[in-house]
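Each structure below appears as structure tokens.
The two complexes that follow have chain A in common; it is paired with chain B in the first and with chain C in the second.
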Partner chain A sequence: MTKAIKINNLNYNYNEDHTLFEDFNLSIEEGQWVALVGHNGSGKSTLAKLILGLMVANSGKICVFDEQLTTDTVYHVREQIGMVFQNPDNQFVGATVADDVAFGLENKQIPNKEMAKTIDEALAVVGMQDFKNREPHTLSGGQKQRVALASVLALKPKIIILDEATAMLDPDGRDTVMRTLKLLKAQFGSELTLITITHDMDEAALADRVVVINDGQLILDGEPEDVFKQTNLIHENGLELPFSAELVASLQHKPKHYLNERELIQWLSNLNK
Partner chain B sequence: MNNIMIGRFIPGESFIHRLDPRTKMIATFVYIFVMLWADSWQTYLWAAIFIFASIKLTSQPLKLYWDGLKPIFCLILFTVVLQLLFTPGTPTLLKIGPLQITTTGVVNAVYVMIRFILIILMSTILTLTTPPTSIANAIESLLKPLKKIRVPVAELALMLSIALRFVPLLMDETQKIMNAQKSRGMSFSSGGPIKRAKAIIPLLIPLFIGALQRALDLANAMEVRGFKDAVQRTKYRVLKYNRVDYFAFGCLGVFTVIFIGIKLIS
Partner chain C sequence: MAIKFEQVNFSYGAGTTLAQSVLHHVSLEMKTGAITAIIGQTGSGKSTLVQHINGLLKPTSGKVTIDDFELTSKTKEKELVTLRQKVGMVFQFPENQLFANTVIEDVMYAPLNFGSNKEAARSLAEKALTRVGVAESLWMKSPFDLSGGQMRRVAMAGALASDPEVIVMDEPAAGLDPKGQKELLNLVLELKKLGKTVVFISHQMDHVIHVADKVIVMHDGEVSAETTPQELFNRDINWFKEMRLDLPKAGQFSEKLEKAGIKLSRRPLTVDELADLINKEIDHE
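Let's turn to the complex of A and B:
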């Protein structure tokens, strides 16, 4: 399998007193959905910015599809990665939905004639095609984030990073964004590598692989089921398990493996039988 | 909040709405320029007929134009009073110390008022029927010749359109900060001018910090989406003159010619 992202011996510090990453290693396979979790200040967003060349590491090697990130390759690397940020308002560049999706295409110097079709397609994927001419302040947070996702999709990246993309949304907005992500993964399958940075474990549970980091250290790495078994380790690192797993942990009789909320309800209602 | 919005755009499908934004901008500037030469009631009448015909063509209620005039009413009143009191001439109608009201003064005051109102109406037509982004696009397109003397037109236009896009957002934020401070006993509307000015400072600081944070985030988002500079880009919205625009230019030409004609005769 090709490695979508490979990080070797990464070192990064904010200033002399505060080292964040020290000999950090991580590799992500192509087509995987990886959830990067950690509490605030754990370094997860910084990691995303380092991968995109928005911040520069002190030393170490970051490769995206075997291409090493340097000042010369940074623009080419960015072409392959799309990123959705936390604040829905601060990443909306265009004056209307269509203009915003067009922004990336304009940068890529796509001919004017091809833009309209690409924009329509990208908006259709996230279900925002009816909002094409709306202005950002008339949209809800969830809708704005879906537009941000469409803006990224229009550029056809191989990797999409969502940096706390649902943190500022209400539960409904969060649901629609997560549903859109599931649809995306179903549609593009192994051609799309998805990295969701979050501290919401319910969100992380959707991924193929969960990576827990704290203070720039890799704490846990594995499938959600395995990671969620490490109750103590997760609590020690300032995180909470998904609600269902949290409930399981406080039960007398316990199910043998990770269940999501619906499965747990099923299991609980079977207890009395 | 909508009342303070300068240049409120109302979507529509009227003749004026369908014009290229450049056409509307050029027409506005030509009109303002022509108005500087108006000097008789005939010329003002003709200019007013042109404006009201244009307003009719926008299919918007007159109340919107009235709203456009209201905020600058004080300014109009101020100039009218100045004209009224300080125009020398004969015959003098009233004299109080150094101040005098003359017939010429009254006529001038009325003319200045009409001129003001007509010019404001013309620019209201532009802003009511043209979305801010189109205006930014039009400015970029019209200023293109300045690229030759190394004016960064593309950058300026992008800055303008981003600034316009953040206006409603920053207004919302201002309101939020004000509410937060009001809830803790701050008053923005009581006390003398100095006290009120002081009350603005704790409002401005969080607003500035918030705006800077937004700018940093936006810069990241733009870079990630492949932004290098404003020049090496294609355009999604391409401006193109159509038949309606040629027709509009024709009308503008006829208006100007008749205007000059009236001016020469009277």
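Let's turn to the complex of A and C:
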């Protein structure tokens, strides 16, 4: 299988006495949904910036679809990766929602005729087509992040990275963004590689694979149910388990393996019969 | 310092054709030395409400009393200095309130402004930074080189440095990791122990149940509840739907259990209560 991202022996220091990544390795398969998890300051956002070539590693190799990231390839690499940041207010440029989605397309010099259609399609995917002519500042946080996601989708990237895109949202906004991501994954399947950077384990639980990092070290890597078994390691690294797993930890009778909330409710109701 | 709102109305652009009324007939009280949580959906007027506590906004009509300070539409700007000395404010995106070249200078700003000499301001700043858990190795760094969570702590230290009697925080936990959130809640409890009056806005009902003595629910610019978290979170589920508010996670889980045919004897508000009820009440065969 093709690797969407392959990182080999990555080294990165903030300065002389602060090493962050030391011989760091990570591969992400094409079409995978990976949650990159760690506490504030664990290096997860820095890793995203290194992949995008917004920061430059001291040594090591980063490949995106087998193309090595260098000063010559950085623009081509970036064309394949869309990024959504934490604060929705810092990423708007257009006067209307549609203008905002158009911005990236104009930069790519997409002909005007095609543009309208692409914008409509991208907004439809995130369920924001009815807001096309609204001014971005009148939207709620969750709506803004969905527009930011549409702006990225319009450019048809192969990889989308969301850097704590729900951290500043209220519960409503968070739910709509997570629902949108699930729809996106269902629609694009193996054509879209998704990386969600988060410290919320309930969000991480939705991914195919969970990678926990701390101080630039890979702590855990596996399917959610395997990672969530490592209660102590998760807690030691400043994180929590998803709510259903925190609950199971205090139950007398426990299911044999990790269950998400829906599965746990089912399991409990079977017990009760 | 007790805080009292009496019939407060507030409009942005009051007196112009663009006037937009945000708070309507708000009357409420926040007790001295207590922790008050303010909840409500986005746009319900929470931030507008708390910005009256340090006079950042003045009521269009009505009156806010903070201890012996009376804030009305007629209060003059220069009178507000005494109020701001008493009330420390941490905004929604505290990273946006940082500005100085180094962390320590940023935190020293308020004490210097309120008349401390440099030496005293430095010692106050050091104390505040230590209290919020910012390591000494970061004090000489630029605040803009810090991670989001660390910036949040520096902004908090800035609000605490002049030792205000009231601390107002607008969604202080947003964007913090689980450990940072726990530390924040501990800090809130510690401030209460020091006799401070704490007011915080939150979307996380688990935080409200964990630390708040009192909770105020805002809805469309009006106060729709002023009560204890225990009373509030035991209200009928339909009330929460109407207010578009969540229960704490344990309460949400028990509502879902009920839909699946398992009714617990009461609504749990914490994960421990929930586990306890399940252990006792669900038949294990």
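A few points about this structure:
We take it that the second predicted complex is superposed on the first by the 268 of 273 C-alpha atoms of A that agree within 3 Å, B and C clash if a C-alpha of one lies under 4 Å from a C-alpha of the other, contacts with A are read in each partner's own complex, and residues count from 1 in each chain.
Here is the rule we use: a contact is a pair of C-beta atoms (placed from the backbone, for glycine too) under 8 Å apart; a residue touches a chain by one contact, two chains touch by 3 or more.
Only a predicted model underlies this, so the values are computations on that prediction, with no experimental measurement involved.
After superposition on chain A, the partners chain B and chain C collide with one another. After overlaying the two complexes on the shared chain, residue contacts for A:87 are found with chain B and with chain C alike. In the superposed model, A:110 makes contact with chain B only, not with chain C.
Shared-chain residue A:128: touches no atom of chain B or chain C. Legend: residue contacts after superposition of the two complexes on their common chain; A:162 is shown touching neither chain B nor chain C.
Look at A:153: by the touch rule set out above, it reaches neither chain B nor chain C.
Judged by the touch definition given at the top, the superposed model places A:99 against chain B, while chain C stays out of reach.
Contact with chain B, but none with chain C, is seen for A:52 once the two complexes are overlaid on the shared chain. Once the two complexes are overlaid on the shared chain, A:10 sits clear of chain B and of chain C alike. Shared contact residues on chain A (touching chain B in one structure, chain C in the other): 87.
Of all residues in chain A, those touching chain C in their complex are 38-41, 86-87, 140-141, 164, 167-168, 170-173, 199, 238-240, 243, 246-247, 250-253, 261, 265-266, 268-269, 271-272. Touching chain A in their complex are the following residues of chain B: 131-133, 161-162, 164-165, 168-169, 172, 213-214, 217-218, 220-228, 232-238. Across the complex, chain A meets chain B through its residues 49, 52, 54, 75, 78-79, 81-83, 85, 87, 89-96, 98-99, 102-112, 115, 119, 135-137, 151-152, 155.
Here chain C touches chain A in the complex through residues 41-43, 93, 147-150, 174-180, 203, 244, 246, 249-250, 253, 256-257, 260-262, 271-272, 274-276, 278-279, 282-285, going by the rule given at the top.
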